[in-house]
Amino acid sequence: MIKVAVLGAKGKMGAQTCQAVAAAGDLELVAALDQGDELTGLTDAGAEVVVDFTRPEVVMDNLAWCIEHGIHAVVGTTGFDEERLATLRAQLDAKPGVGVLIAPNFSIGAVLMMQFSAQAARYYESVEIIELHHPDKVDAPSGTARRTAELIAEARREADSGPIPDATTTGLEGARGADVEGIRVHGIRLRGLVAHQEVLFGDIGETLTIRHDSMHRESFMAGVLLGVRRIVGTPGLTVGLEHFLDLS
Amino acid sequence: MIKVAVLGAKGKMGAQTCQAVAAAGDLELVAALDQGDELTGLTDAGAEVVVDFTRPEVVMDNLAWCIEHGIHAVVGTTGFDEERLATLRAQLDAKPGVGVLIAPNFSIGAVLMMQFSAQAARYYESVEIIELHHPDKVDAPSGTARRTAELIAEARREADSGPIPDATTTGLEGARGADVEGIRVHGIRLRGLVAHQEVLFGDIGETLTIRHDSMHRESFMAGVLLGVRRIVGTPGLTVGLEHFLDLS
Amino acid sequence: MIKVAVLGAKGKMGAQTCQAVAAAGDLELVAALDQGDELTGLTDAGAEVVVDFTRPEVVMDNLAWCIEHGIHAVVGTTGFDEERLATLRAQLDAKPGVGVLIAPNFSIGAVLMMQFSAQAARYYESVEIIELHHPDKVDAPSGTARRTAELIAEARREADSGPIPDATTTGLEGARGADVEGIRVHGIRLRGLVAHQEVLFGDIGETLTIRHDSMHRESFMAGVLLGVRRIVGTPGLTVGLEHFLDLS
Amino acid sequence: MIKVAVLGAKGKMGAQTCQAVAAAGDLELVAALDQGDELTGLTDAGAEVVVDFTRPEVVMDNLAWCIEHGIHAVVGTTGFDEERLATLRAQLDAKPGVGVLIAPNFSIGAVLMMQFSAQAARYYESVEIIELHHPDKVDAPSGTARRTAELIAEARREADSGPIPDATTTGLEGARGADVEGIRVHGIRLRGLVAHQEVLFGDIGETLTIRHDSMHRESFMAGVLLGVRRIVGTPGLTVGLEHFLDLS
């Protein structure tokens, strides 16, 4: 039984994490803290792993404290840049054996879709991305679509792929979508949808499609729990859940 | 057995039509004419229906001659505007019993997709169109996608539907596709594809998707033959294959 | 404002209906009755339309009472056979002006999918149905898939369509799905899904796909409200929501 | 320039290979042999790699000769069992530096679909396979679908995955498809289709779909050429094109 504590336990993701940890047979929820609670509650409860779903303003202090006290961390809070990651690496160097996972996306399915897309990219002349979301979303394309496009563009550069063919000369503005590093990305907004993405690869005589459909937040819990189970044996800093997936 | 002649018999569509007519048990191919051949070949052969896949420059003369000689016509040649249709109507008024079908699209599947989309339109808050084609296509979005959007927009106006919800405030240019009468249309270009279209309708808790995949020109023949069989019993001018589909 | 009452108001569908009626600008919820409440509450409240989501054992008494008191009814309760429908018809004959809608399926999307499938059926050599549901469903194929297959089979018989081509001679048991009146139906069960169906039509060089995705019960409310609005002007017995959709 | 020869050059796949090799800038077609031609034509032409699309009865002799003469081979001919593979391994041990690729499937897309499916398998509670083909196919399910199911079943065993959930208790025979090592496989047959497959993974709140659409034989050429380019640097026996894909 791994002893797990949650920081930001009253938020949507934190509360969901508390439930998921409590329901897992190999994990024990020993503390559920939120704003105003003392971090000493973590050591008092004997937490081995902390899951942090708090806010950018407090997460660095939380992590410094956890690393200092030898507690591993799985972090879903946003706002990490290269400077913050460098700070964490230095702190972890001073405490060998402690591990921290920073995960921008806990959806195993979304991470698989991105990894598979990067792997397939070098084998196809054409590729486009369609992301589909509910109409209350304010940004287009989605962050996941942009990230997927970047990974694909990087894989194509490494493979010396030529430009993607496109003979379009006339048409309506916007018809061919947005351009993210040379990859066309289309954002669909439709009542009834939640969060979906389709990556289409094409070459002579064949196409390959990778699609991920995300229906609710609960789907992130498998990724959070995977992070918890793997971080105890993975010292140092890990950025991205993909490093905990066995894809060979 | 209906006696059928083809004008433009050496072109791609004309040649395919000759084969399809010859293979049909209830039709007889009595003449296959092309540039340079005399139209008297049609009456000599006793043609009852002519299928015209010629060019905009000659099609009006062809049709005037056919109507004059009491021969029905099924027309896939492009370039018809309101003026030309008015001319045909006047010629047909003078020859009761003769029928002419002008069909911009002989794909029964594409016509069904458009009809169903127009019918479904009034029942959904959201709708978007994705068309997918080979990367050698020069225009985006496709003519079929534009036509579908127009039909949907018309149906929504008739049903007093409100504006389609879309909270997008930030994003990349083109991410939300092209705007055709208020309907968002996205054009995908991918090696390996031929001609495909998906119409997505969405409302609270559900979505409806109508998709047509067209793999080769041969698929138009069912529509051409349907036109031939129905035009003999449909005097006057008919514009659009949808009028020959039984959709009640 | 149409005055609406709900019978079975504490059940899942009944409760949802109460909310939906209350939220609609042109409808007024005047009574919400459940087991043990007197039907006189309907007349006391001046209900013009009753929505019945009760049980097969009580629905016939409810309807007899409503018809007798000149109240229209929209019925989602199951268990109607020819005998019950005949009884209702006789009761309605005696009270001209009163309307009753019996709807086995209030999902407008599902009804559209079935109607479009029946319309498309005559134009395609091949057709198969794939239904996809959560893995806790006990029956396969789904009732909607069976009903769709029956409608397609009927349309093919009317159009004198030949047998669907299938050269399968060797294989594993069950690989080609279930046979419903000659139509192959495949049932997929997958965690994460809710209720989905895809009808695939195919002919030389093209395919047409109609897909409905139902994510939650709330999606039935549009159909219930449509029934309420239309039943006040539709005397007599109506079986099936499709009669209230404008599909011409 | 790699010097390439084709055995079985008059067959469909062989002829296509000749064209593809001739069109590739980094490959030179030096010999195109068929039944009746002497294998000495290979050494006379200085062939470095042979592509064999012949028949099970002659392929072992062809390969023995090629290995003996230090020519690498890429083999699409069928009929290899463990005994044949052992024979080849022994022959190759005696000629270090020579490489032979035996590939049951040259479609890079199909191989990617299978590899991704095996990788994703351990992360999902549910998985099913839908394969869709033209109606003239005699076996169901397809060989690719069976192979995919075997790979998924193996990955689930390695990951100690529990049984796939399925509450079906009543239904029609065949509705839940065929059972391949515990994985449900559904075969759709539809005029207009060629060769398609969809692998669906599902877990709480999300699904992942990997789909491959194969439209014509030409799509296999990318895999054949990849085999030719890689076999010159890969001594010994390689079974399966997946070993030449960079999937890390």
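For the reader, a short list of remarks on this structure follows.
A, B, C and D are the chain letters, set down in written order, and residue numbers restart from 1 in every chain.
Here is the rule we use: a residue touches a chain if its C-beta (ideal position, glycine included) is under 8 Å from a C-beta of that chain, and two chains touch if they have at least 3 such contacts.
Because the structure is a prediction, the values reported are computed rather than measured.
Contacts with chain B and chain D are shared by A, C. Of all residue numbers used at the contact between chain B and chain C, over half are used by both chains, marking a mostly same-residue interface.
The chain with its CA mean position farthest from that of chain D is C. Averaging C-alpha coordinates per chain places the centre of chain A 46 Å away from that of chain B.
With centres set at the average Cα position, the gap from chain B to chain C is 34 Å. Computed centre separation for the pair chain A/chain C is 41 angstrom, with centres defined by C-alpha atoms. Chain B has residues 192, 201, 203-207, 213, 215, 219 in contact with two or more other chains. Partner chain D is touched in their complex by these residues of chain B: 192, 194, 213, 215, 219. Interface residues of chain C, counted against chain D in their complex, comprise 124-128, 130, 132, 135-141, 164-180, 184-193, 200-207. By the touch rule above, chain B contacts chain C in their complex via residues 107-109, 112-113, 116, 119-120, 122-123, 201, 203-219, 221-222, 245-248.
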